[in-house]
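Same chain, two partners: chain A is paired with chain B first, then with chain C.
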Partner chain A sequence: MDPDLQHLLQSDAPASRTALYLRLLYSPSCARAVHALLGGTESCAPQTLAFLKSIDFERLGLEQKARLRNLMYHLGEAFPCSWRLMDVDLRRDLVERFVETPSFWRFPGRSLPESFALVAWQILRERQRSFLADVVRLEGVLSGFATAPSKAAPWQNLAGADHECVATTAGETAERFPSQWQLLDDDSQLPTPSSAAELMARAPAPHRISLTLDHDGDIEIACVRLAT
Partner chain B sequence: MSGVFGFGLDYKYGARYPGGIEGLCERYRDRLSHLSIVAIETADEARSFRQLAGSLPVIHHLSNVAPGNPSGPDLERLRKQDAFSGILEAVWCGEDIGVWQLGPYPLPYFAPPVFDADVARWIGEGVIQITERSRVPFLVETPSCSYVTGTIDLGEFFRTITDTAGCPIVLDVSHVFSYALAAERPALEVLANIPLERVWEIHIAGGRVDEAYPFRYIDSHSDPIMSGVYEVLAESVRRCRNLRCVTYEIGVGLTAEMIEHDVAKLETILHGASMVPDFSVPQEWPS
Partner chain C sequence: MEKKQDQNQNQNQNEQKIERAERVLKMKVKTNVRGGLGGNASDKEWME
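Moving on to the complex of A and B:
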């Protein structure tokens, strides 16, 4: 069993029970583990056990589905471009995987969408969908950077995700990361499904994506092709 | 004739009300007793809303202060929100009791608390911290429930919180209705167990029942008010002897006609119950 979950089950503190309840509201694997525990011999704190016995697991499943739909909607607001480039099954798959990862519960991103992007970027790269992975990353960084520009970017700790946080000569804060793709269309806009198809048809080449926070609080995104 | 109810408005959706937030308030100004406002995030917004309210009393609906979060109340957020309460000249403030945060992030969809006695006492202790720092009374609001867990019922839960913290209650009758559906109990029976003597304010809003799952209430604020919710309102107004006001919370997506339809029904019920809004704060608060 996940050590974090085990810790919550062993505690009778109301804060821990509330944290356990939140996990149950989002994570089907957590609900299965807890359901199995109720029929087994593994120990659990007494008041927490009483709470677990009060759960209607069938209705909990309905609640999880409703919350998953809501989370997809919520993330869609932060990933307008990425969402248009995915079908609904892929969106659901990524969100279902996200809620089952430590990222959902340990909050590595500066915002919830950035935590999602950290997970989705890796999954999409493993599936050889690097263009979509990098668009998800761009929108995730945009969300995190806009939420907490002074906080360290979590991408710097992620293997294979080169990420720079720099101060520009004008004293602005900027973040940069590399991509093998031109992630903005020729009008410097995030791609639509049709312009994405055109961009993906181009041969991969090194690009640098920059997000710059200006003195008015606006974030400018740029994509520059690097000399090879 | 002075109004018998007030509007509950969301500042961030101001432009999406019929006629905008200003147009809506102007249209109903003579029929309102007060305004309640949520999602004020800057001092300028607070000043702007105070000006819009004119002579109407203002109630400040907080969000994400959350004594029910696993990390306890967010006292830094309270500090900022409390400053806005000052600018708004709020008569009191309040918040739905439940889980608002997922770690450092706002939860995409609010969750009601685990209905256990020790959870209620722990939340009550958090409410004491809020009350000590708030310039106006802090009221605990009954939460919307699409799913219910725990070992005690809504009424006992709120009795425990208020006995611990000595605070008043915002009774959201739509939320009581949602709890009753989820718990599969008659709504008036659920109501009867709530410490109604603690209720200062009643909230009501539109919603609907999930067609596939009749035990799930969808607290949309964008549908008409359900007839079962009106029944809970009428009974609550009759039984809450310290009631001070009734707030109709308006969501986006309601047309001017839908709002007028529910306003007329509310006025009929509240005039029938001889409702007289009162925004004075008792000397002995908190009790």
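Moving on to the complex of A and C:
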């Protein structure tokens, strides 16, 4: 069993029960583990056990589906471009995997969308969908940077992400990362499904993506193709 | 000494070459439009 979950089950603190309940509302694997525990011998704090015995797991499944739909909808607001580049099955798959990771509970990102992007970026790269992975990353960084520009970017701790936080000569805050893809289309907009298909058909080439927070509080995204 | 300076110069030129921009595309995003989920609520409040 996941050690975090085990800790929540064994702790008799009300805060742990609240955290456990919140997990149950989102995570099917957590619900399965808890359901199995009720018929087994795994140790559990007495009040927590009484609370868990009162749960209707069939209704909980319906609640989880509703919350997943809601989460997909809200993430879609932060990922308008990425969402249009994915079919609904891929969106659902990524969000389902996100709620099952510690990232969903520990908030490594500066915003929930950035935490999602940290997970989705790695999954999409493993599936060799690096263009889409980098678009998700761009929108995730944009959300995190817009939410808390003074906080450290979580990408700096992520292996292979090569994320840099820099101060510009004009005293503005900026972040940048490399990509093998042109992530803004030829009209300087985030890619649409048709422009994305065109961009992906081009040969990969080194680009630097930078986000700069200007003095008006707006963010400028720059996509620089580097000469090699 | 001179050889070392030449090497440094070559290295600097190489680095400048690597970082030279061939094409730059820019887009501006209003931050009051994008950002965290759920309006002013924190992410944790939104989840609950």
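In this section, the second predicted complex is superposed on the first by the 228 of 228 C-alpha atoms of A that agree within 3 Å, B and C clash if a C-alpha of one lies under 4 Å from a C-alpha of the other, contacts with A are read in each partner's own complex, and residues count from 1 in each chain.
Definition applied: a residue touches a chain if its C-beta (ideal position, glycine included) is under 8 Å from a C-beta of that chain, and two chains touch if they have at least 3 such contacts.
The structure presented is a predicted model; accordingly, all values stated were derived computationally and were not measured.
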Contacts of A:A66 with chain B and chain C, given as first, second, both or neither | first
Partner chain(s) touched by A:F51 [first = chain B, second = chain C, both, neither] = first
Regarding the shared-chain residue A:L190, is it in contact with chain B (first), chain C (second), both, or neither?
-> second
Considering only touches as defined above, state whether A:L22 meets chain B (first), chain C (second), both or neither.
-> both
In the superposed arrangement, which partner chain does A:H74 touch: chain B (first), chain C (second), both, or neither?
-> both
Touching A:S82, do we find chain B (first), chain C (second), both, or neither?
-> neither
Please indicate which partner A:F107 is in contact with in the superposed arrangement: first for chain B, second for chain C, both, or neither.
-> both
Report for A:S179: first if it touches chain B alone, second if chain C alone, otherwise both or neither.
-> neither
On chain A, the footprints of chain B and chain C overlap at residues 22, 74, 107, 111-112, 115
In the complex, chain A residues that touch chain C | 22, 26, 74-75, 77-78, 107, 111-113, 115, 142-143, 146-147, 182, 184-186, 188-190, 213, 217-228
Under the touch definition given earlier, write down the residues of chain A that touch chain B in their complex.
-> 12, 14-19, 21-22, 25, 47, 50-51, 54-55, 59-60, 62-63, 66-67, 70-71, 73-74, 104-107, 111-112, 115
Of chain B, residues touching chain A in the complex | 68-72, 99, 102-109, 111, 113-114, 116, 118-119, 121-123, 146-147, 149-151, 213, 215-216
Report the residues of chain C in contact with chain A in the complex, numbered from low to high.
-> 17-32, 34-38, 43-44, 46-48
